[in-house]
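Presented sequentially are two complexes of subunit A, the first with subunit B as partner and the second with subunit C.
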Partner chain A sequence: MAHLHIQNLQAGYGKKLILDKINLTVEQGEMIALLGPSGCGKTTLLNALCGFVPVSGGEIFAGSRSVSQLPAEKRNITMVFQSYALWPHMTVAQNIGYGLKVQKAKRAEINRRVSELLSIVKLEGLEDEKVTALSGGQRQRVALARALAIRPDVLVLDEPLSNLDAKVRLSVRHEIKALQKQLGFTSLIVTHDQEEALVMADRIAVLNQGKIEQIGTPEEIYHHPSTPFVADFMGAENHIKWPTHDDAFRLNTSNPAAELDLYFRSENAVLATPQAASKDDLNAGLIIHGHVEQSVFFGNNYQISVRCGKHTIQADHDQNLSENTPVTLSVPNNALHAFDKEGKLVAHQKNHAVSVKSMRMNHVC
Partner chain B sequence: MCWLLEVNMRQTTSPNLLKHRLWLIVPAALMVGIFFLYPLGFSLYSAITLDDGGFTLSHLNKAFDLYSKDILFTIIIVLVSVAILAVLSITIAALITLSPFRSLTKTLGFLYRLPLFIPFIVTAQMMRTFLAKNGLMNNAFVASGLLTPMDTVSFLGWSGIIITFVWKQLAFSTLLISGAMAALDESQIRAARNLGASRLSILFQIILPQITSTLGVAMVLSIVTMMSVLSVPLMIGTGSPTMMTADMAFRINSYGDYHVANALGLVSYCICAGLAWFYLRQNLKEKGAN
Partner chain C sequence: MSYPQTNSLLAKVNIRYLRPSFWLQCVFILLLALVLFGPIMNLLIWTVTESWYFPHALPSQWGFKYWQQVFNPYSDVSGSLFTSLLIAVLTVVVCLIVSIPAGYALSKRSMPFRIFWMLLFLIPQAFPNLTVYMNIARLFYDFGLNGTLLGVIIVHSVHGLMFSIWISVAAFSSTDPMLERASRNLGAGPFYTFFHIVLPQAAPGLIASSIFVFLESLDEFTGTFFVGSPNITTLPLLLYTASMEGNYQIASITALILLVPSILFMVIIHKFMKPEMLSKLGK
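Right after this comes the complex of A and B.
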């Protein structure tokens, strides 16, 4: 295993440029999740790393080797495919051992490595089974074992869990993470599921339209998104353009005239009814008065849609509320993500220190 | 009680229904019967009966006496052609699927289909003018100074027949094979590549094992086609030995001897059936192994 270093990478299909100036370093033994909406170029990035899509600019280093101009078979970067891409005419053992066979390893050596991998991915006893006779989760593990068998410098996984049903996905997710910790492989995993990224990755890179918007630890990405896109994508779906010119909104700020884009999560909007009216929280960055429009049961809580002027705000609450109940929402300062007109993060009094730190991290990456 | 009644009712209604269904397939069955089964049956019958209807093996004996050399010649020609055909069409299909040069494969993908639209007799005529001693090919060699007119050889004869068969059938079998290759999941090939497999090992270890049944179908169908072509041995062959189709035509045209012609037909039918059986058995074995 080696670290992966991507420098100003440009790639696309024909004349259509999909990836533009990608810079990313995956440290040795680290797992980075590539997170982004459909069509943003995640698969294209992995294909460019593996050599399936030609690189039109920039460099890719696996360890100290520059691999960007090497053909796919010389890169020693292996992929776990979304469709598993197992070879149906081979047994489990033949699938896993194929990479070693191609390298002309001795038969005994192949057998040893295959049984080692089978026990790592917990498929002992299935070596002579045809892969077509396996369940989805088992196939996924064969695909993983096959990709690991040749000890690649870097492992890339393209939405490895998206073909599994919800329950299996949770367990395989943990297995992959545990394996990654145990074996310490350098890996890039693509997902469009933010929860999956938060749970599995050491760091997350959020991709949007072929560009990296932000790189950071799951906590940084979650709590301190550095662009409006990341904030929105990571679940801060409440969006308010400041100033609202509406008395129902009050923002605690030193510069009330500034034009801002405010984002926050529904779970951070503290909802209070007039009966349980609390005194205005001094910590609150944003206070909103409105009326309940809709209340939807979500299992552990209710998601309340609150109407205020032309905005509809989502807030979590532990009780069901009837329509038109007047309510007050307050969002604490440190849960409020404010961006100026250029989309730059505006530091708030409270979270100032932290956000500056997260921004500096970005520059390092 | 109730279900007994129901069973009874079904018994009374189902034969009626069945009759209706039978009527529906009658036209199709008649067509097949009149235009296919009857002539086939009749030709088989004629191969093993005397004019008065008595059973005999004399026609078959005569066919073997007179034409055993031609039967062997036919089998060898067909097998050699089909072997060359398999190699060439796999090569072309593999180039189209695996080659990194996209524009080249596009041209190739267009070119190889052309013979599909040219009838056998036109192909034979074309090959005749191309392969003869003073044909286009030799003329080109002479003009380019590679050969003197003395050194040229005619390719008419067995080699010409093989060349023509391969040339004509190549399009068809490549079409089937490259179709089967294209139907394989692209990521299967990518998976092999990023484990370090060369294109050649991908072809032999990943692609071919998955398309053997298509390859078999293409080859069996090509054999049947080659066995039934008359124009090519007549126009390109040198007369002796020749292929069985030419002998059949000769028996009928020169002697009006339908019995021996049909006996030869029976032989070629058995050769095709034998090959088909061999292919089916291989196929079933593989399925069983799966």
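Right after this comes the complex of A and C.
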């Protein structure tokens, strides 16, 4: 295992550039998640790393080797494919041992390595099964074992959990994470599921339209998104354009005229009915008055759509509320992600734009 | 005025049987059965006939005399059966040698003039057989290929390549390109990948195409007649000669022998032809 270093990478199909100036470093033994919506270029990035998409600019280093112009078979970066791509005419053991057989390893050594990997991925006793006889979760583990068998410099996983059903997905995701910690492989995992990325990765790179929007630890990405796209993608789906020119909204700022894009999560919108009036207005960055439009049961709570003017805000609440109940929403400063109009950048410029009170908010952002 | 009577009759007999369409269907099914099985019945009867003269509907003497004659090791039949099989096997080998690389190349979308190459293999079929083979025979005279095994194998291969190319292109197209990637990803070069991953995936289709070629070669008449005769006698040529001489027993038994591989083929094709491969035919 070695570290992976991507420098100014450009790649695409034909003349269409999918990836533009990607810079990313994966430290040895680290797992980075590439997170983004479909079509953002995350799978193309993996394919460029593995040599399936030609690199038109920039460099890729695996350890100290530059691999960007090598053919796929010389890169020593192995992939767990989304469809697993197991060979149906081979047994489990033949699938896992293939890479070693290619390297002309001795039969005894291949057998030893295969049984070692089978015990690592907990598939002992299945070595002579045909892969077509396995369940989805088992195939996934065979694919992982096959990719690890040749001790690659870097392991990349292309949406490894997307073909599994919800329950298996949860357990496999923990297994992969545990394995990664145990074996310490350098890896990149592609996913469109933010929860998956938060749970599995040491760091997350959010991709949008072929560019990396933000790289950081899961906590940074979740609590301090640096662009509106990241905030929105990480679940802060409530979006308000400030100023709203509406008395129902009140933002604690000394410069109410500053143009801002405000994002926050439904779980951070504290909902209060007129009976139980809220206490600390001071802490609240944003206060909204509105009426209940719809209330949906989510198991542990209710998601309530609140209508205020032309906006509909989602908020979590522990009780069911009937329609048209007047409510007050307050969003604490530290849960409010504010972005200014022009640069889309957050903290620095806005420190000047917004007042002391929102300094706290911006500091957080 | 006889309405009430008809009504009661209709009530007794199921009304379905009185509809004209029902009887029409019966007639068509009977006709179809006659068309399908009539000639075969005639052929079967001829194989167990010792003498059968014109005005009689059935043979006057039944027996297996001609079977013994056919399966006599010194008869023409066993000799030409061997020739036929040898030519068919060698034709399959030639077709596979050409169509495996060609089929793989043509299954790639990036291949230039892909459609042109595929149509090229159809062209010999586009003209009437007779003209094509006469001209081939004319050409082969110059090379001394007439009446040789090699000449016949070449003629059969040209004919068989149409099947083998088109089917193997379909077979290679239906393989999952991700399986190839996975192999390259694990350090295997393009050739190693081809022989260990791609070829086993396409094998069922290639087997099917080989069977087609084998059967076509076994049944081929025109080309063999023009290029091979008189030195090369295959089963269809023997069948032709026997029928021309009025020796229907030998001809019918030979035809039955030719039927065996066709039936075997139906069974095997059923096993190997995948529907997803058929859907890739010609794409």
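The definition used in the following text is that the second predicted complex is superposed on the first by the 340 of 365 C-alpha atoms of A that agree within 3 Å, B and C clash if a C-alpha of one lies under 4 Å from a C-alpha of the other, contacts with A are read in each partner's own complex, and residues count from 1 in each chain.
The working rule: a contact is a pair of C-beta atoms (placed from the backbone, for glycine too) under 8 Å apart; a residue touches a chain by one contact, two chains touch by 3 or more.
What you are looking at is a predicted structure, and each value in this text was computed from that prediction instead of being measured.
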Quiz item: subunit A superposed: clash or fit between subunit B and subunit C?
Solution: clash
Quiz item: Is A:72 contacted by the first partner subunit B, the second partner subunit C, both or neither?
Solution: both
Exercise. With the two complexes superposed on chain A, say which partner A:103 touches: subunit B (first), subunit C (second), both, or neither.
Key: both
Quiz item: Touching A:130 in the superposition: subunit B (first), subunit C (second), both, neither?
Solution: first
Practice problem: Determine, under the contact definition given at the top, whether A:274 touches first (subunit B), second (subunit C), both, or neither. | Solution: neither
Practice problem: Figure out whether A:81 sits in contact with subunit B (first) or subunit C (second), or with both, or with neither. | Solution: both
Quiz prompt | First (subunit B), second (subunit C), both or neither touched by A:299 | solution = neither
Self-check item: Intersection of subunit A interface sets (partners subunit B, subunit C)
Solution: 50-52, 71-74, 76-79, 81, 83, 85-89, 98-99, 102-103, 146-147, 149-150
Quiz item: Given the complex with subunit A, which residues does subunit C contribute to the contact?
Solution: 176, 178-179, 181-189, 192, 196-197, 200-201
Practice problem: Please name which positions on subunit A make contact with subunit B in the complex. | Solution: 50-52, 71-79, 81-83, 85-89, 98-99, 102-103, 130, 146-147, 149-150
Practice problem: Mind listing the subunit A positions that touch subunit C in their complex? | Solution: 50-52, 71-74, 76-79, 81, 83, 85-89, 98-99, 102-103, 146-147, 149-150
Self-check item: subunit A contact footprint on subunit B (complex, rising order)
Solution: 185, 187-188, 190-198, 201, 205-206, 209-210, 290
